[in-house]
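Take a look at the structures below.
Note that chain A is present in both complexes that follow, paired respectively with chain B and with chain C.
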Partner chain A sequence: MSGAGLLPVPLQDAEPLLPERLGELTGLDQLGMGGELIATFIAAFIVGNLMLAMTGVAGPWAKRKITAAFTDRIAVNRVGPFGLLIIVADAVRLLAKELIIPENADRPAYDLAPIVVASSAMLGFAVIPMGSGIHLADPEVGLAYVFAVAGIASVGLVMAGYASANKYSMLGGLRAVAQNIAYEIPLVVTGMSVVIFAGTLQMSGIVEAQAETLITLGGLDIPMWYAFVNPFAFVLFLAANFAEVGRNPFDTPEAPTEIVAGYQTEYSSVYFVLIYLGEFLHIFLGGAIIATIFLGGPAGPGPAELGIVWFIVKIWAVFLLTQWLRSALPRVRIDQLIEIGWKGMLVLAFANLVLTALIVGLLEAELALTMVMFP
Partner chain B sequence: MNDWIAIGALALVGLLIPLAMMAVSYLLRPSVPETSKRATYESGEVPTGGTRIRFNIQYYMVALLFVVFDIETVLLFPWAVTYLDALRAPEYGLFRALGPMLLFVGILFVGLAWAWRNGAVQWAKTPQQVEPEVDRP
Partner chain C sequence: MSTGLDLPADASLEVTDDQLEALVGDRALARDDHKNAPGFVIRPDDVQDVLFDLRDQAGFDYLSCVTGQQYADRYESVYHLKKYDDPTQEVSIVVPTSTDDPVSQTAAPVYDAANWAERENFDLVGIDYEGHPDPRRILLPETWQGHPLSLDYNQEKPQVVTLAEHANPLQADQKDSETDTMFLNIGPHHPATHGVLHVKAVLDGETVVDVDPDIGYLHRCEEQMCQQGTYRHQIMPYPDRWDYVSAGLLNEWAYARAVEDLADIEVPEYAQVIRTMGAELCRIAAHMLALGTFALDVFGDFTAVFQYAFRDREVVQDILEDLTGQRLMFNYFRLGGVAWDLPEPREEFFAKTRDFLDDLPQKVSEYEDLIVTNEIFQVRCVDTGILEPEVAKSYGATGPTARGSGVDMDLRRDDPYGYYEHLDWDVITEDGMDNYSRVLVRMGEVEESAKIIEQCVDLLEDWPEDEREIQSNVPRTLKPPADTEVYRGVEAAKGELGIYIRSDGTDKPGRFKIRSPCFHNLSTLPEMTEGEYIPDLIASLGSLDIVLGEVDR
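And then the complex of A and B:
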């Protein structure tokens, strides 16, 4: 654990980020400013498409297969091996659908909402260290940045809900924003309890702080992942994260049995694809945040080059958990949702923060305290 | 390369991908306008009334509470970052590192308790929901 607050240590031995690696690899860094810009753009393209590919696998294929396994069905198995080519078929099918825009829709907002939802999620991946050198940017405010851009999605959802001029959409949009703001504070405050351990908001710093060994059990080194250090915060963060991405048991904003599909009721064709894509990107972004600040980021057994594999395994574990909960848990009502958020999670999150600060403080000041109490 | 330029590049990619998908869809999709195809969806019925309906006041109440607590979290972030350093610095120690934060959170919790007592975080119900009509036609 190293604090970077009082003494700003220049990170000389920091790993080069993806744009620099690409610049060296392709020789683009020889071309000066323009070459570096191109390398940065290619790096951003790689990161964006990596996440898009994972969403492509998850949305049309994995989600159906997993849900089918939970409900004792087979699901897609006709097109290609294991039905994998359904990804291509679905992409073509959905993009080729007719776009029906409701007659009372608020046009600019109605068209912009899907873009806002989709691109806000993608922005968050910029600061996530994915291992194997795939790390686009590492600003000092990393964690605060990721929470901030993930929050932009609420704006997109309320735009979609209001601009559709549909009562279901309106209710869905209102519910979405009420839920997002109710669970955002527990999420951020629980994330803050991790910052206390790490002493920095920089993502690479948080991952580095988790590399130390917590305890050794029978010759096996248990790393200091914050999920092991503070399991309570981990569970709290998971629950708040499911509410943030609107997944069961907190999928009230698009509860199909109550308000059809919530804010996406009036969306069809490519707009529907974009909103759907944005939701999946948000699930993966949530998984990426959890993996980074609680599960040691790309850390895992084996050489460091395997980092990206471990990172993807961790993200998919979180995704699998959302699908499991989707099949296993009933939905909470909107009034229960608000009460759980404001009366339960918020209080627990602050209790966690204060207790963490107190315990860390007591452990640090153990010696001084003993001298005060037993002179 | 600057971190924020890289983030800006990803923002550009994040905008270009949806726009490219929209362009592809524009080339692929048919357009078959029909009467009342664009009508607002209301479970297959003819839509009644406008959409700008009155909705529960609760959404407004929780939004107000959120503003307060969100600013609090923003102000707590610098404290969380410097907490360990403050503990280790000889001129601060536990009491002076933790005390102000406890006071700050404490004041906000008095506010939350007040809002709780006044029912701001209790789901607002209409009179019909509190006392359901017995003989509904």
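And then the complex of A and C:
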């Protein structure tokens, strides 16, 4: 078995990305740059809709059902089979509501905030390899790119909090920033420990690096998913991610019983839908990142064509966990949250990084030594 | 000051009538004994003097209630004093003031509880308290004209107070003030105010600098409605509507006890056992709700704990429905007993109740797993919302709020009524003084209540069939002799729910005053929360377990 850190730079003959395949399939690639652009747009449209269907349509319904199961209720069951048509009813209801804009709202910022929140998460999905060939782009800085665009959401939250001309929104916006800054660092630093293992920031490279077998237990191949390789980093990343997307026990920016709904207090109708959608997208993007860098991406039993199924299953598993925590855990106070972030998570994240670097470095040195001695 | 009196050193020891008389001395203009306590009439400018003496020298550390009322020739404030160590020791200080100039010295420097109580008397009755630290209206809007319970008030004339006429809490000067603080209206519509409570908070960042609960949004003139109903039948439905979250029977008992003492009505033992059982069922239901909503405040959503608490409360509600025919507004107690016997078939009712009691320990341990032992919950609740016992006493806090601060008072044990003294149970107290302790007290009380119910069921099962007397003989029209006064409290879910009644010789009360435990517990909120964070303010508010229907009445 080769050392984890020694993986070569991913081969250039990797699986073609979705736009390329679409271009080939439809013949659009014959049309030069313009054709490629159209193919890219179509591909982005497909991926975008897939994600929106999952987060905007299935998400809220599933959330209701899951939370209900946790809290001993039944939830929607009247409209359509399993209450599935409630999705349609909800859509009509939310879109038909009056859009109320506070008198003193800071207009461009107030209007832009929901779009920033929702689109920043959408952008993140572009570099996620979802299996079955659904992969929009694969830049070499993939992981850094995801963190960067997901971080833009904080700007949207501040805008929403500030522009609403509401004190609760203001408090919520400030909390959101404080929280995002405090947890972005441990999140990225923990992500870096994976990069050390994989030796690349490229998403496809990280997935490929996890494809090997870590250990065989009773005839069962345990893949080298980084969740198994470094469970400590996995847990750290999960926790930081929950804080990042503002879920229990770290849902202080919204904290309905304290500051009404935080930065989204003054949003109604379509804007509310956008902010809400943005939140769901961020949860799912968080799930996608976790699946990609810790759970082997689309890897799973069965043919490679099933990749997207496994990938979605993994995202939903993370989603399920957020709902579970939400139902079972109390919320920490804002000062405690910041304290956990700066005094706990940050230290642990750096400790994890240093340790990972040491281990990988030692393994590499040992490997280099063996190669010198037994060429 | 030396009075030369031989007063008992231990506050719990009885102060005799003679000692009291000697202590008040020639400041007493006359005696005005009430059914429950000796009463002294004093001059309006002796109030603090007398109350300080009674508090410091005779140990009356609990200002239970301040009643204000108007007679044809005078206004009167009545200070009902008790002792936390022994609430059966009572004394009433009656302070008459003239109709033309109803000014009386404030008692606020002696008891913090007098602050809100006197504001209420000013608001509703129209007595001015000289030297009061905060002489504002409390229940009615600032712009209200007249005092509704005074005799010359025109009850027929409606007063519409529009929002624009309300005093604007955001005064103009706050906009360009130099301070770095932020004024925040929490409520009256806010997810965590447990009804329509309006908390005016001043924040420094996330830290609470100043808190001023603004109440009265749910004021429904309950006292006046009771004054317009007949003792025998028309008042009993009202108590259900004070603390309306399933504490109905406890409230009804407060009224029943006051009138039974006022008119010397005996209650058959069998009825007392049924009352005791019903009241404790109500207490469990009320504490379950308190637990659920407190979890809601700390967890931040309608999460598992809230739903579980409601699921378990539902079982109690079913039993209460079987017993009384109602789920919320029971109207089950009658003067001298209860409305009807246990539902037939009795075995089924007993079996159902026993099933509930058998399941309860497992449920309680579930809550212990989910809440009490949860580390995040502990981090949130331990050492937040501190209420020192001395502060709690001064504000007249009672019930789980006081017991969570280590104040060991429970009227069921200390001023026995019903069948409690024959049963085996404990009073739960915690010394933590924080939000966590108050939760623990409520959880403990649920278990104690279950013990009481079990013993009641045992008793009721074996009760001989021919001795099941559910009501004593009470005259169809009850007319207690004129100018009889009584103040009686019972241990409701939130604390001491007291009722003062003065009869005027008719079949309706001359004055009906409700001493609400939530009202006094809520007045401790600024003490608990100033200097803490907003989330702790919300949690502390939740831990007080107030019901606005009872605060505002």
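As a convention for this text, the second predicted complex is superposed on the first by the 350 of 375 C-alpha atoms of A that agree within 3 Å, B and C clash if a C-alpha of one lies under 4 Å from a C-alpha of the other, contacts with A are read in each partner's own complex, and residues count from 1 in each chain.
Just so it is clear, contacts are C-beta pairs under 8 Å (C-beta built on N, C-alpha and C of every residue); 3 or more make two chains touch, one makes a residue touch a chain.
As the structure is a computational prediction, the values presented were derived from the model and not from experiment.
Contact with neither chain B nor chain C is seen for A:Ile283 once the two complexes are overlaid on the shared chain. With both complexes placed on chain A, chain A has more residues touched by B than by the other of chain B and chain C. Within the superposed three-chain model, A:Ile87 lies out of touch with both chain B and chain C [touch as defined at top]. Of the two partner chains placed by the overlay, neither chain B nor chain C lies in contact with A:Ile134. Shared-chain residue A:Ala113: touches no atom of chain B or chain C. With both structures placed on the common chain, the touch criterion links A:Ala291 to neither chain B nor chain C. Using the contact criterion defined above for the overlaid structures, shared-chain residue A:Pro249 touches chain C, although it does not reach chain B.
Look at A:Phe45: by the touch rule set out above, it reaches chain B but stays clear of chain C. With both structures placed on the common chain, the touch criterion links A:Ser327 to chain C but leaves chain B unconnected.
When the shared chain is aligned, chain B and chain C each come close enough to touch A:Lys167.
According to the touch criterion, the shared surface of chain A, contacted by chain B in one complex and chain C in the other, consists of residues 167-168, 171, 260, 334-335. On the chain A side of its complex with chain C, the touching residues are 70-73, 167-168, 171, 248-249, 251-252, 255-260, 326-336. Chain C contributes residues 182, 184, 190-192, 206, 295-304, 306-308, 311, 370, 374, 376-377, 379-380, 533-536, 538 to its touches with chain A in the complex.
Residue ranges on chain B touching chain A, taken from their complex, read 1, 3-7, 9-15, 17-19, 21-22, 24-26, 28-32, 37-43, 51, 53, 55, 58-59, 62-63, 65-66, 69-70, 73, 76-77, 80-85, 87-89, 93-94, 97-98, 101-102, 105, 109, 112, 116, 121-123.
Residues of chain A touching chain B in their complex: 1, 3-7, 17-20, 23, 36-37, 39-41, 43-45, 47-48, 52, 92, 95-104, 114-115, 118-120, 122-123, 125-127, 136-139, 144-145, 165-168, 170-171, 174, 177-178, 181-182, 184-185, 188-189, 192-193, 195-197, 199-201, 260, 265-266, 269-270, 273-274, 334-335, 338-339, 342-343, 346-347, 350, 353-354, 357-358, 360-362, 364-365, 368-369.
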